[in-house]
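Letters A, B and C mark the chains in the order given here, with residues in each chain numbered from 1 onward.
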Amino acid sequence: MIEVKHIVKKFGRKTVLKDVSFTANKGEITCLIGINGVGKTTILNAITRLTPLNDGEILVNGESFHPSIFEKVSYIPDTITMLPNMKIKDAMEFMNDFYKSWNQERADEILQFFNLKEEEKISSLSKGNTAKVNLMLGLALDTDFVLMDEPFSGIDIFSREQIADVFTSHLIEDRGVIITTHEINDIEHLIDKAVILNDGIVVKEFSTEEIRETEGKSVIDVMREVYRQ
Amino acid sequence: MKSYLKLLNFEMNRLAKFLFILILVVFGIQIAGTVVISLGFTSEINDLMIRQGLTEEEVLNVFGKMTFQQIVISVFFFGTIFIAATSVLFYIFLIWYRDWVGKNTFAYRLLMLPTNRINVYLAKLSTILIMTLTFVALQIILLKFEIQLFEWIVPEAFREDLTVSQALRQSIEMGLLYPYTFFEFLINYGTGITLVAVIFTFILFERSYRVKGIFIGIGYGVLSILVLFSPFYINDLLLNNYFYTDELILMFIMADIIVLGSAIFLGHYLLKNKIRI
Amino acid sequence: MKKYWKSITIILITVLGIGTFYIQSYISALSLPDFKIETVEGDETFIENIVLVSEYVTDAENVDEYGYGYGQILYLTEDNTIYRNQLSLINEMKGIPETRERFLRDEYSSFFRGINMWNESIYEDEQYLVSADIVYNYYRGLSEGVKVKYLNKENGQTESIDYPLSSNNHLIIDDIQVNGDTILVFAKQWTFREDGHAKEAAYLYKFDMNTNELITTEELYVVEAEPDQYVDISILHDSKSWSPNDYVVYRSIMQRDEAVQEYDVEDEFGDGERVQLEDNRLFAYEVATGEMKEVNLPESLRDRFVNYFDGSNLYYVTGDVDELKLAVYSLKEDKIINELEIEYTKYDNARMPGYYMLTVDDGYVYFHETLVTDEGTSFLQVIDTTTGEIVYKGKIVPEKSDLQFEMFIMRTEFQY
């Protein structure tokens, strides 16, 4: 379980996260929803200590940050995390070198699934394929949690469909996923839990299944309610 | 340790191409310089002897014997040392900023490795040291060739030969790079690596706090340099040279260790807690 | 392994390149030969305290026509050879063992803290160790005071005297002497005027060790330059600059020719290049009586530079190397007390026959040739200047007899 407890983040005088708390469980897809600039990416960066917090605490499986959490949590940011002059092969070799949790079989499987060739240079890939490689690098780690930052933004429709397919495949299975998006449409049917952020706080945290059953609302319905107020 | 070595190797591989091109440039210029100056001298001698009919002795009276020093103090040598030094300085900044700036933010990957982030720092620091020492070592090897070349071109009667180690100490700048004793070598390069570590930590202040970090970093850098050289000026200005040289050197080594240690410690703290992607 | 080859190659080249460089210089340092002074005849006590500062030529091909080679500096005593590049770390920083400076620094290390161990500013006798320094204000560029520190060796007491200077001038310490309870600090003051004319003055500050206060300031000699004139007062340096002297001797020169401005004290013991000067006089201050008198040299010595001075006599080398003559002028008696031909055993087979070196101390001449090689036997001889007799004769030889070598002796120091 990833527990985000009362985190506060300021950028200069502006407080982006005033007091944010939520949890993400293994086996669930948790979606951080909010308009641009609400601090979704900041939360993912904070979990992976890529940005310092002003207050609050984040625990992964009950433990606070330690470099070894990167064997348990893999983060797929919205830019590629490898050098442009590397071939896909080199990138995989790098991962294999540094991560115990690297699973080469799974990496090959994902490459095949996306129809990518390992001899290709990262700098020569299209935007969609770059995103797929980035996804591959994160998913081929045998981690408990995967964090994804806007995996669909700026990508063509076919790539989106392919990426969406990943969520229902065994590549995710019983892992915990935290995904951020400002376009909920593509993945609404996939997510288990939604955390709606607005104005630096969690406005609503709910199970999508529950709200559908009890109140008959979709995630978008809830969002509309929140942002109209 | 293992991750440090892997990271070091990775940084070295990233450096290799840049280093290789630089070495070629330095070698090219130095060898060209050796040839140009040696040939220039020889043709002047020939001119005097053949066209003006001077004897060997008379020519020697005019020019004296040529030594390799004339090449070492020429612009060809100075130029290349300047190029090498500038590129090391440039690389000190490049080695960090290229991972943040640009389309592919490799910093994500470096900071998400399942190892202490200080290993990244140490690997980059070692890379700079190795880069510098590579130039230093290759210059020794290159000089051997160049002296040979010089001896081929300039007739024996008109030249005075220098050994590599003599040639290396023909200018003050070179003397700094190639001190007489290994102990001085360690002190010179130890101080060098400390200064690089201070710059690294300065860069990390900037990366952690951005514009504000530049000011904190400058404050930190000034403080570090003050501490590093404090034994000398405290002794000079406040203590009326109370300490003897050997004691001063010992204190300087201690100050060096303190500054290097605190640079690494602060770097570790910033990377772990304050760094921003 | 494949991905490591670049790193391994780079590191290997670096380690090998730098490693060989330092190992080579270490090995060549170790292979330097030891020398000794082997007594042929005479009293060995004469050479107990001497240190021959020399340069061992490691690469004989590279000696230029003036005899300067690329070599290793060594300190040669009766039975010890110390190469500067073989010194341990500690010795390298503390100073050369077997020298007077090092002895004092070890023996009186707390006294010498904060003191420049320059030749002029230290005095030592059986009872006292004295140092004097000028307090210099770097911001104003002026001398602000005289700082004297002395140690009474009998009771181990160290005292300090600070005397502020009111004048706005530049001052340097020339010499220190002690007479009874009085410390004599000889200083030179010089003034630059806007038109470039200079005034030089030799001052004497007398300090009382009982009260630790200044007794008097005496202006021993002043010389002022006319336009386009160059003046200089300089002190004659002696063979043991830190030991007590009977006399402190000044040379005063005046010259219009600008070339002479390059004249410096070192020339006093150089090859004795003679320059015609408008005025060239010697003044001697007698430490015991406090009297300053002009040295009334005979015609034959008047325009010559003094070759050696040992605190009481002036020594002039006359004649050339084939017929080496030494004139001894006594400052006490104000006359030449001896003129003798120096008899010495010439270095058979000398490659540079004209180059010899003398040092005079306590009435004895220490004589040796400059270049020592394996091609002949080089001698170190001590000659009594009163009798002309050779009192000591020794050979400078390598420990290993079959060695081919070349060594320049640069100067003779005394450990005393």
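Everything that follows uses one rule, which is that contacts are C-beta pairs under 8 Å (C-beta built on N, C-alpha and C of every residue); 3 or more make two chains touch, one makes a residue touch a chain.
Given the structure is predicted, the values throughout are model-derived calculations rather than measurements.
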Centre-most chain [mean C-alpha coordinates] | B
Taking each chain's centre as the mean of its CA atoms, which one is farthest from the centre of subunit B?
-> A
Inter-chain centre distance, subunit B versus subunit C - centres from mean C-alpha coordinates, in Å = 39
Could you state the distance in Å from the CA-based centre of subunit A to that of subunit B?
-> 44
Interchain centroid distance [CA atoms averaged], subunit A/subunit C, Å = 80
In subunit C, residues with contacts to at least two other chains | 3
Write out the stretch or stretches of subunit C touching subunit B in their complex.
-> 3-4, 6-7, 10-11, 13-18, 20-22, 24-26, 59, 61-62, 64, 70, 85, 89-90, 92-94, 105, 109, 113-116
Subunit B contacts subunit C in the complex at 8-9, 12-13, 16, 19, 130, 133-134, 136-138, 140-141, 160-166, 178, 180-183, 185, 239-246, 249
Quick one: in the complex, what on subunit B touches subunit A?
-> 3, 6, 10, 14, 103-106, 108-109, 111-117, 208, 272-277
Subunit A residues touching subunit B - in the complex, by the definition given at the top = 45, 48-52, 67-71, 74-75, 77, 79-84, 94, 97-101, 122
